[in-house]
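In the part that follows, the structures are each spelled out as structure tokens.
What follows is a pair of complexes built around chain A, which joins chain B in one and chain C in the other.
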Partner chain A sequence: MTRARYRDALKHGAIWAFILVELAFFSIAGEYLSVSDKAFMDFDNMLLLLKQSAPIGIIALGMTIIMINGNIDLSVGATYALSAIVLLDSMTWPALQAMGDWAIPLAWGLALMTGAVLGAINGLIVWKTGVDAFIVTLGSMLGYRGLVFMINGEQPTSHLNWTLVDFAEAQFLGLHTATWFLLLTALALWLMMTRTVHGRNAYAIGNNREAAVNAGIRVGPHMMWNFVLIGFLAALSAVVFYSESGSVNPNDGMLFELWAVTAVVLGGTKLTGGYGSIISTLGGVIAIQLLRKGLGHIGAATETVNLVIGLILIAVLLLDRQLNRKGKEELKI
Partner chain B sequence: MAGMTKQGIGSILAKQGILIAFAIFMIGFALANQRFIAIDNISGVIRSSAILGVMALGVTFVVIGGNFDLSVGSMMSFSTIVVLDLHDKLGPALAIPAMFAMTMALGAFIGFLVGYMKLNSLIVTLGMLSAIHGLTLTWSGGKNMDIADKAGTWFSIFGQGRILGVPVPILIFLGLAIILGIVLARTPFGRKVYAVGGNGQAATFSGIPRARIVFLTYVLSAFCVAVAGLLQASRSLGSQNTVGQGMELQVLAAVILGGASLMGGSGTIFKTVIGVLILGFIQNGLLLMGLAFYVQYVVTWGIIILAVWLDVAAKRGRLWSPTA
Partner chain C sequence: MDKNEASILGGITLDKGAFASVRDTEGWEVACKRDKIIDGRNQRMKVTLKAALVCTTAMFATAAAAETMTIGITQNNVGVDSYQTTYERAFIAAAEANPDVEAVVLDAGGDVARQIAQMEDLIQQEVDAIIIWPTNGEAVIPAVRKAHNAGIPVIVTNSNIAEQGFDFVASFSGPDNITQGARAAEIMCDKFKDMGIEAEARVVQISGQPGYTTAIERQKGFDDRLPEVCPNVTLVETQPGDWNREKSQQVMEAFLVKYDDIDGVYAGDDNMGVGALNAAKAAGREGIIFVGATNFAVGYDAMAAGDYWGSIYQSPVDDAEAALKTAIDILNGEELPFLNYFDTPKITQDNMDEFTKPVF
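This part shows the complex of A and B:
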């Protein structure tokens, strides 16, 4: 029992230990290799790191609950782009421009609603047709991207609203706006997954769908709600990012789904469902961003980031298999 | 009895639905635009589908074996960049085999991890997507790769040449499809791929070396990617680092459209070819109708979902999922 708990702690703590190793490595290596005089663990640098983690991070948090539920969502990148276009485009509509700064909450609302509706479409198809979520969202990844082009054309859409930019660049208690959104999302989802019936049922469905059905859990609505949520979060991520940048390219958000899944898996969530934690995903997101910044800091070419992350992902999988196999052997005794 | 007949119709629809859909599409587009069925248009479509098609042939083996391969897109970028770079350094006669060896080594590495180490194929190939992309960028230094003497090389024959009036990419695609179709349907290896994907445990118990079969499907897939990279490099004689980006999902869409189950154990080369052609002809047909290229994304979305839905519905005998 104690050994099981020890192993569990090891699994949950692994991602944070990895972050510490990264910090130590880049700080020490930076002393010798970095071209800049600044220390890697510079406070402003770390604050910036959190802010930069936010766009992928918010999506990865949503992906965690989808994967705990036993599904996957490959359409988040396209949902992100479509919501961004709704955000920036709606602010140029005459009706909204006449409203002055009151247009901002309305544009936000429209963008977030877009994300939720796109998520609901995915969820409804998965629920009602019984087609695997992988295929459904693979299809809508293409379809939503097509909608992005149809609405936006092939040129970038730009609209800078300075009130919005000020808001996005503000710091409250030292943390940037985007960081606050990331942390509050994590808190809300953590509460949902650990303290509510929906969270408990989501774990149950992912763990053993048949058993969940037999226990009287309605699988469909729970899956549907999770898809609505990840659509909403993809839109939230877009809202946070594009409020500041003010310009969206129709190809934006491509490969976000893969980055998000990578962060979730680094955090230890099982692809097969039923196991995973929101907080560990947050660790996974930070670990990836640290790696990006750290490799840049020690003067490695930016292209090596992809190589290193890919190999780390595979290494994590090998390690995880090792840990799990030990678990099963102990069970037999 | 009535129930049986109904089931019979359902299973015919499920088995041949993709062909019926294909026929309806072709007739519809042909009625809308005469140019659509002109010989040079059809040959143009098959030619431009060849690169995607060759990759889809290999992925079909992987999927039937019960696994995913998300790394084919970035692997194709890798082989394209490598063969273009080595073309000027070693000459084409050495560059081609060197590129094939390197690409297949990557495939063997993935096959080792998924087959022998039994790691989750989705994550492994996702990791390799990223890793190979990094490898490509490191190789090229992030710059575009171009052949110095574009006019004076015979290397362009694979992508641009014609034999007896037929474009070489079509010959390579269809030739490879026939060979791999025979390998999958008529050889012990092909039958073992089905067995491993259909029920891995049962296959192991009946003495089929599961690990080796899975390993070989990935090596085969990498071989197909190398062929695709060769076609791509030879067609354009220059390339960006991201030439294959996103193709892994299009390839998967073609394979799924062809009716291969993502659970493994079912699918054929012939149907994958049909899936590839459907994607190609839809794109072409919509362009001929004067619609922008991105309309095909939305149409493809609808078709993929519909195709798989009908397949699933026919198997369970009812249209809507019984999930509460």
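This part shows the complex of A and C:
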């Protein structure tokens, strides 16, 4: 029992230890390699780090729950782009333009609803057909991206609203708007996963779907709600990001699904489901952003980021496997 | 000798007395202040040593520009094509060749979110000027405003941002893409006139990556100019090739199936033009006039082989050097035109020997 707990702590702690290593490395390397006179660990820089983690972070938090369920959602990038288009395009509709700045909350609502509906479509298909979520969301990834191009054409959709930009750039208690959204999402989802029946069911389903069904958990609707949730979160991420940038390219959000999955896996969540933690995913997201930022800070080529993250990902999986194997051997004895 | 020694001592030990004793040299004081030697908070060995070096250099060069400038650049997507790869190499080479410049070279990998983060990082690092090659001409405007508000001049390179952001930009350095598109239309029209088919020729267009200002402008220049010079030539259809040769080949294959009569193909750059040329060759269709809007080595070779008619000569080396020079000029307080274009001449099979083969 205590062994198991120790192993758990090791797994949860690993990502934060890794973050500390990164911080130490970039601080020291920055002294010699950076042309900037500012320290890497500068407080403002760390605040920026959190802010820059938000777009992929909010999605990755939702992805954690999907993956704890034993599913995956590859359509988040396309959902993100589509919600962004709804956000920016709706503000140019005459009806909304007439409302002045009150159009902003309405546009947000429409964008979030778009995300939730797109998620619900995924969830409904997974529930009613029983097809693997990987295949379903692979299809919807292509389908939603197709929709983006149909609505958007080949050109970017743009609407620059300075009120919105000022809101998005604001800092409340030192933290940027995007950071608040990231942290509040993390808090809400952490409470959900640790304090509610829905959260405990998510682990149960991921661990053993048969057993969960036998225990009377309604697996289909449960999964559907999680897909609605991640659709909503992908839209939330778009709302937060595009409030500040005001223009969406039709291929924005591509590969976001892979970065989100990477962050989740770095955080120690199992691809097979049943095990994972929201807080560790937050660590995974920060670790990725820290790498991007740090390698830029010391003047390394940007491509090295992908190489380094790839190597670390493999190392994490090996470590995870090693720890689990040890556990099983111990059980046999 | 005395002053020299004192400045080194001053630099390392932060001895206020030593500072005072050499204050007579203007350039020295500026250089040292800029490196924040006097501000004891950030004192680190590297900084002080660097500053000391600057100070000593300044001693000999007196008030001349011995000031090191840190210039950050965030590029669009370096790995995606040879133009951007050569641009980056040329930029780094130009920055290294200039002893007064230290460059922070970043690449956004085509991702707007990453580019905005890089802008924020450069502002955070307090660079002296930022050069940006925008991934999206509108999405980066708030980030550019942020730099402007932080007192850092922003130079937009290669493709400009949207007009709403012009107030926050110090200068634009790059090719005039509308002129390039227009000149490509002229090349094509002149060729049709030589062939005597200007009354009935049909043209298809392969444009660049959607959402990219360069693509939009090269298309606009061509679309607007073609009816002016050749009013009877029809532009049948336009499809994006995403600056990608394979994609353009597929687009052209589709065009060839769809239209029996194609006399000319205009591509946003030679990379895409050669993709289209390959499709036409594979389908056995001859006599099509291919014109690009930026000359690449592949296009140059195809021109030499007589398969490809013409293009616009735009050197990424000129582009990168122009961007760096614009940034340096602005930091030196020189007056520059807002749109700081460098020239991009026409190149066809007839005059190609006047140009060296593009390195990219």
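Please note the rule applied: the second predicted complex is superposed on the first by the 333 of 333 C-alpha atoms of A that agree within 3 Å, B and C clash if a C-alpha of one lies under 4 Å from a C-alpha of the other, contacts with A are read in each partner's own complex, and residues count from 1 in each chain.
FYI, a contact is a pair of C-beta atoms (placed from the backbone, for glycine too) under 8 Å apart; a residue touches a chain by one contact, two chains touch by 3 or more.
Fair warning: this is a prediction, and the values are worked out from it, not measured in the lab.
**Q** Once the shared chain is lined up, is A:E303 touching chain B (first), chain C (second), both, or neither of them?
**A** both
**Q** Does chain B (first) or chain C (second) touch A:E169, or do both, or does neither?
**A** Touch status of A:E169: second partner only.
**Q** Between chain B and chain C, whom does A:L142 touch in the aligned arrangement: first, second, both, or neither?
**A** first
**Q** After superposition on the shared chain, which partner residues are touched by A:Q155: those of chain B (first), chain C (second), both, or neither?
**A** It touches chain C, and chain B stays clear.
**Q** Counting only touches as set out at the top, which of chain B and chain C does A:L317 meet: first, second, both, neither?
**A** Touch partner of A:L317: chain B, not chain C.
**Q** If we overlay the two complexes on their shared chain A, which of chain B and chain C does A:A17 touch? Say first, second, both or neither.
**A** Neither chain B nor chain C is touched by A:A17.
**Q** Touch test for A:K128: chain B only (first), chain C only (second), both, or neither?
**A** first
**Q** Taking the superposition on A as described, I'd like to know which of chain B and chain C A:L48 touches: first, second, both or neither.
**A** Only chain C; A:L48 stays clear of chain B.
**Q** Once the two structures are superposed, pull the chain A residues common to the chain B and chain C interfaces.
**A** Shared contact residues on chain A: 255, 301-303.
**Q** Going by the contact rule set out above, which residues of chain A touch chain B in the complex?
**A** Residue positions touching the partner: 74, 125, 127-132, 134-136, 138-150, 213, 218-220, 254-255, 258, 261-262, 265, 271, 301-314, 317-318, 321.
**Q** Where on chain B does chain A make contact in their complex?
**A** Against chain A, chain B makes touches at 70, 113, 117-120, 122-124, 126-135, 137-138, 141-142, 245-246, 249, 252-253, 256, 262, 292, 294-302, 304-305, 308-309, 312-313, 316, 320-324.
**Q** Chain C touches which residues of chain A in the complex?
**A** Contacts found on chain A: 31-32, 34-39, 42, 44-45, 48, 51-52, 55-56, 153-156, 158, 160, 165, 168-169, 241, 244-252, 255, 289, 292-293, 296-297, 299, 301-303.
**Q** Mind listing the chain C positions that touch chain A in their complex?
**A** 35-36, 42, 44, 46-47, 70, 78-79, 102-109, 111-114, 116-118, 120-121, 124-127, 135-143, 145-146, 162, 164, 207, 210-211, 216, 240
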